[in-house]
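Take a look at these structures.
Next come two complexes built around subunit A: one with subunit B, the other with subunit C.
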Partner chain A sequence: MSNAAVAARRNRWSHGLGQNAGFALALVLLAASIVVYCAIYFIAQRRLPGGFELTTTVNNTMPLVFAGVGQAIVVITRGIDLSIGGVIDLTNAIAALYLGDSLLSMAGCSLLVLLVGAACGLFNGLLVTYGRVQPILVTLATLAIFQGLAIRVLPSPGGQVPSEFTAVFANIEAPWSLVYIAIVIGFWFCFRRTSLGVGLYAIGNDELAAQAHAVNVIRTRVAAYVLSGVFAAVAGLFMAASSTSGDALTGNGYTLRSIVAVVLGGVNLFGGRGTPVGAIVGAFISVMIVNILFFAQIDPLYQSFFEGLFLVVAVLASGGVGHFIRARA
Partner chain B sequence: MQALIGASLSASFGEVHALVGENGAGKSTLIKALGGRLRPDSGAIEIKEERVSFARPEDAHAYGVRTVFQELTLLPWMTVAENLLIGREPRGPFGLIRRRRTEQEAEALLASLGVEHIDPLALVEDLSLAERQVIEIVRAINARPEILLLDEPTSSLVEREVKWLFREIRKLRDANTCIIFTSHRWNEIRDIADRITVFRGGRHVGTFIEIEESDAVTLMTGRRVEALYPALPPLASDEPALAVNKLTGRRVNDVSFVLKRGELLGVGGLAGHGHRELFFQLFGAERTTSGTISVNGRQVRLKNPRDGIRHGVGLALVPEDRKAEGLLLAVSVRNNLSLSIMRRISHGGVLRFGFERRLAQAIVTRLKVRTPSLGHPVGALSGGNQQKVLIGRWLLAEPRILLLYDITRGVDVATKRELYELIVHLAAQGHSILFYSSDAEELARLSHRVLVMREGRIAAELEEPDITAERVVAAALKDTVDE
Partner chain C sequence: MAAIDQTPEGGAGRAPTTRFSVTQDQRRILYAIAAAIVLFAAGGLIRPGFASLKSVEAVLTVACFVGIVAAGQTFVILIGGIDLSVPWTLNAGAILMMSSAASSNARMPLALALTLGMGAVVGLCNGIGIAMFGVPAVVMTLAMNGMLEGLTLGLSGGLTCPTCAAYAPSVLQAVAHGSVLGVPAILWLWLAIILVATFVLSFTIFGRATYAIGNNSRASFLAGINVTRTTIILYVLSGTFSSLAGIMLLGFGGQASLGIGDPYLFQSIAAAVIGGVYIAGGRGHYIGAVAGAVSLVALVSVLMALNMPEYGRSITYGVIILLLLLLYGRESSEG
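Let's turn to the complex of A and B:
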């Protein structure tokens, strides 16, 4: 009986597909959106998009990639971080104001920005855990706080970002930013294999059960918000680099956009399921949709209408497909 | 602590010690205190003559104490392998978890305990309740405990898995492990326990090496309970109340039967053989692909539970996953009772509170639901009383046909007897009752007829006086045994 039972099992690919249907679907959506984009681009421009389009698309997407990864980490723990936009505002303002021309200044200031992001996340995390306030309330409040601080730091758009800094982070010559995506994926690959990484999923699955398995719930949850703050700070830094100046309002759209990226990437908003890598894919999908709408010459006023429509369809599809694959066991 | 008053217990290594008592007697509370889930207000726990105090489960783990809890502590969207080895994953370079190795170790662990039919790569969510319970037990055994606490480990297991568990328990006992477990199933207790401790009302009543069930029940309840099973009322008529013809749906294959007016029709079979789905389909909670259902000779289509209620079909089912189906635990007894008849007791969309209260009070009195008040949240009641509320809800809807799905699981003897009386009484009043039970004895003693399901089909139909628990089990197992 034992051999028969083992032989009757589904192989690991079948399991992987069924259990990560959301992610698989995100990849399919991304491929489809790239194909549609190329087709529409070809019709409009009579040529295929080239290296320049690739570079700008990647650079345009990078802040959302970082914001999405941070959001995904929090969402996996069954939380939500609405303050991401505020952290981007604040860190972007600080970066634009203090980045100097010397290497030391650039390194030091970047580190400072990351620390500010971490501190913002820590504040959120402590309020959520020790303060026992729902994440949505905490981060809604801190969103406003961080936005206020950002305005205080940089009342009007300005500041100067050294060109070397731009060349390193948001190079417009070639899609170097893809390297950062590889680094983020590598980071996640390792992080997922630590106790903290397992803990994120465990508390997203069932907090009481996680506790019973000796997961340190408070530490894990705080870590998730800190990581989210750091990733938002990276996004702020990146935006400073690519626009070569700062703006205390620049991050405002990113709270909602990061949630969209997370959902499109197959991360379940109820926690415990999905991966930040999916959020990266989701970020690219949502940028590709904007590109498609642009080249299809759809009135920008209707843009959010179509984005919303697409989001609904994508989410419904990912739920349905995953169910279908697993039900066929 | 209120659930436990000055209770004491001593157990030895190399012993299987059973805790018995009614629901709310404090067995689970004691298990929690021993496992570090609850802190006693006073008193001491000694392990090997050393006084210990557990603030957290990890403290208990350090002393080799492991617990398998009644409410499952698995992570649903993680794999079996991750669940089995969380916190103990094999590490590779830089202390990173080696996932492939984790899977292999889980596979080896499952094989070493003889449960290789569970796939380590599957998500826990996709396992049956019994399989999840097995995983919980495997987890605890794998920690090589010196003291193993099991809180009603068999309540969600079927025959085959119970056998498996007892084999493992005996192995542990022979390796000098102390095993303390609670159960409501007397034949299991007799089967495996070396000593039996009886609790009543949070107090220790006595510890015995051998005790007859009737004596134990007397000690547990504080009064004599006569015959557990009431006499069946004679079948009054041959009139069909519910006729099912070639019903086919998920896990249900070509099922036909007739339920007569006032009949108690039992359904038996192993878990996963389609009876659960059959009940859902008859209630309209699950779609069917073909076949017909007739109520009182009229063919009906049940697309959702509302249709079921409208045609006079009521389903009381004990949720497999205690919180998932049926009762709203945080809501009052009264609102839970009136949930399915909201429309009838409302006037112009406004609930008539007085009417609701009278109806709810009548049910609480009739079913002897032990609740401090009608406004008390259902979640705070004991398991047996929750079950009564569930049945009471359907009685309020005045169904002619009642589907009762394993309503006595995890219920103490005294409440069981009350439920039996209720069922028989309802049948005598002309209600037609289709009921499934995981307890074969119960099916045999409470049914006019028993249908045994196997692989979605009705494999056998037993009729009085041929119904015995052994025959029910044999019919359910037939193919499995032949293998």
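Let's turn to the complex of A and C:
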């Protein structure tokens, strides 16, 4: 801590950049991917992408934004949540099955879905803390459980989502979903300053030291998993809204994609560094990569090759840049 | 399952206790073996004939594929790593073997070398990224899995290439289905792998170095162990084992398809952990992972014998793995 304080006095800006190299690089990557996207789009379509492209991109990214934010919160505590895909499956299935046409039903069902997400997270959190089993193992096992429950709820794709619900959460006319991102960022800036938010970083950096400074490690850790479950549930709701139906397998890819978003967003997988805002940026980067590949007319079969390649390059670059800045500062 | 509660948990760790003269690690292996036996017994009660020699042989044959992937997974978990690139290394291996041999026995040796070499190169890339460039193992192997998926799909045109309709060479199929001295040939191969892996881990300098790195990689480095080289070799082994499992699955099934590797990630990690391999590294034996693989496959077979629908199997599977983890996968409380 004292070293950090001295360095901060010496050169606050440079130090801040060194500490947040991952996030800064994520912003640069996002800007670069948007520029490349616009250029390739212009070559292919002879005009710049407009409101429609913006709206579809934002709507496509929303589930990953929420999954990434949830994953980031757990990763900051030096954990990992592999069950996110299962929670999305389950909540998506419940939403598609029970959402009714009336306002009361929509509100009630959304609340139910969030509670289910929280319950899933609580289950994970209790097993990690009181069960003292490694997070990666707990969430690998609960992933199988949640996926099974999802198929039990909705054996075959179907269900129905009222169009009013879609209009609110995945409006296809205008990028209203950006409002939800603003809400999440606002939530995070408040939450970050609560004792719980500080505790997340404290236990991610050094659990014993955090405990010595009266951080309630168990409560904080459980809270992280509960938040992850709730955010995964929101992702499930958004997917139900944008596809207007449900599928108990739809969330499976999101476990890995959320980790990719977190890593691209500059959150350190060993805990204690990075922010969920970075994961939001990371989510947009990974969707932009897919968009670029599409307009560059690269065979979609190669898509995951480029995603994987980009992930390694981004991690190497953020490590290299962070090291370079810190060495100079 | 009741047998598991008999021995009290000693916090003494690896030191052999005079009373039982089994270490905590050995006890965990015994639990995994006990779990397999209990499952076979339970299966025998549910459906007569489940515990017959023929059905045990069938379970062992299926477990063999999990077990071989778990060999590589155990190696990298022992140094505190993990290999998430298993599914598509295996799948790419099966497809590469199938399309390069193109149903011809004459081309088989070359195809075999090519496929195993591909697995080794994948492991080499993983190892170099992790050991030399400091990329976290989760990220490196996850990205590698994605790259292999893209390459496999793209190069084979989504499995529509001219040689993608080929069958496994008949020799390979004969080996996979054949038996020697009344025991399936692939079980002999597995036995050989078990013996070699156990020997290497327990009785060689390389094995000692593996455990040392898993316990404390910095201390191992300072003690003169070549951490980088050992790490890379272990990932190369993991990649090679995955591609070997792909070749054997191809021989067993006759043709490769997309997605055949997917179940093996979860199962290989679960087998290692059930068998007492500590996920943070430094503790465990391959023989435990073998017992873990057998109990996993036995569990799935029991659930299928119960005619349980897919969702029920998935839930029960998760719950039982959680119970096993809670019984003995726990970290010591002083952490």
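Note that in this section the second predicted complex is superposed on the first by the 317 of 329 C-alpha atoms of A that agree within 3 Å, B and C clash if a C-alpha of one lies under 4 Å from a C-alpha of the other, contacts with A are read in each partner's own complex, and residues count from 1 in each chain.
Heads up, the rule we're going with is that a contact is a pair of C-beta atoms (placed from the backbone, for glycine too) under 8 Å apart; a residue touches a chain by one contact, two chains touch by 3 or more.
As the structure is a computational prediction, the values presented were derived from the model and not from experiment.
Of the two partner chains placed by the overlay, only subunit C lies in contact with A:Leu269; subunit B stays clear of it.
With both structures placed on the common chain, the touch criterion links A:Leu149 to subunit C but leaves subunit B unconnected. Of the two partner chains, subunit B is the only one touched by A:Ala212; subunit C is not. Once the two complexes are laid over each other on the shared chain, residue contacts for A:Leu104 go to neither subunit B nor subunit C. Measured by the number of subunit A residues touched, the leading partner among subunit B and subunit C is C. The contact sets of subunit A with subunit B and with subunit C never meet. By the touch rule above, subunit A contacts subunit B in their complex via residues 1-2, 5-6, 9-10, 12, 15, 19, 190, 193-195, 198, 201-202, 204-206, 208-210, 212-215, 268, 272-273, 326, 329.
Subunit A makes touch with subunit C in their complex at residues 80, 127, 131-134, 136-138, 140-145, 147-152, 155, 256, 259-260, 263, 269-270, 299, 301-309, 311-312, 315-316, 319.
Across the interface of their complex, subunit A is touched by residues 57-58, 61, 69, 72-79, 82, 86-87, 89, 94-99, 111, 116-117, 119, 121-123, 126, 483 of subunit B. By the touch criterion stated above, subunit C contacts subunit A in their complex at residues 82, 129, 133-136, 138-140, 142-151, 153-154, 157-158, 266, 269-270, 273, 279-280, 310-319, 321-322, 325-326, 329-331, 333, 335.
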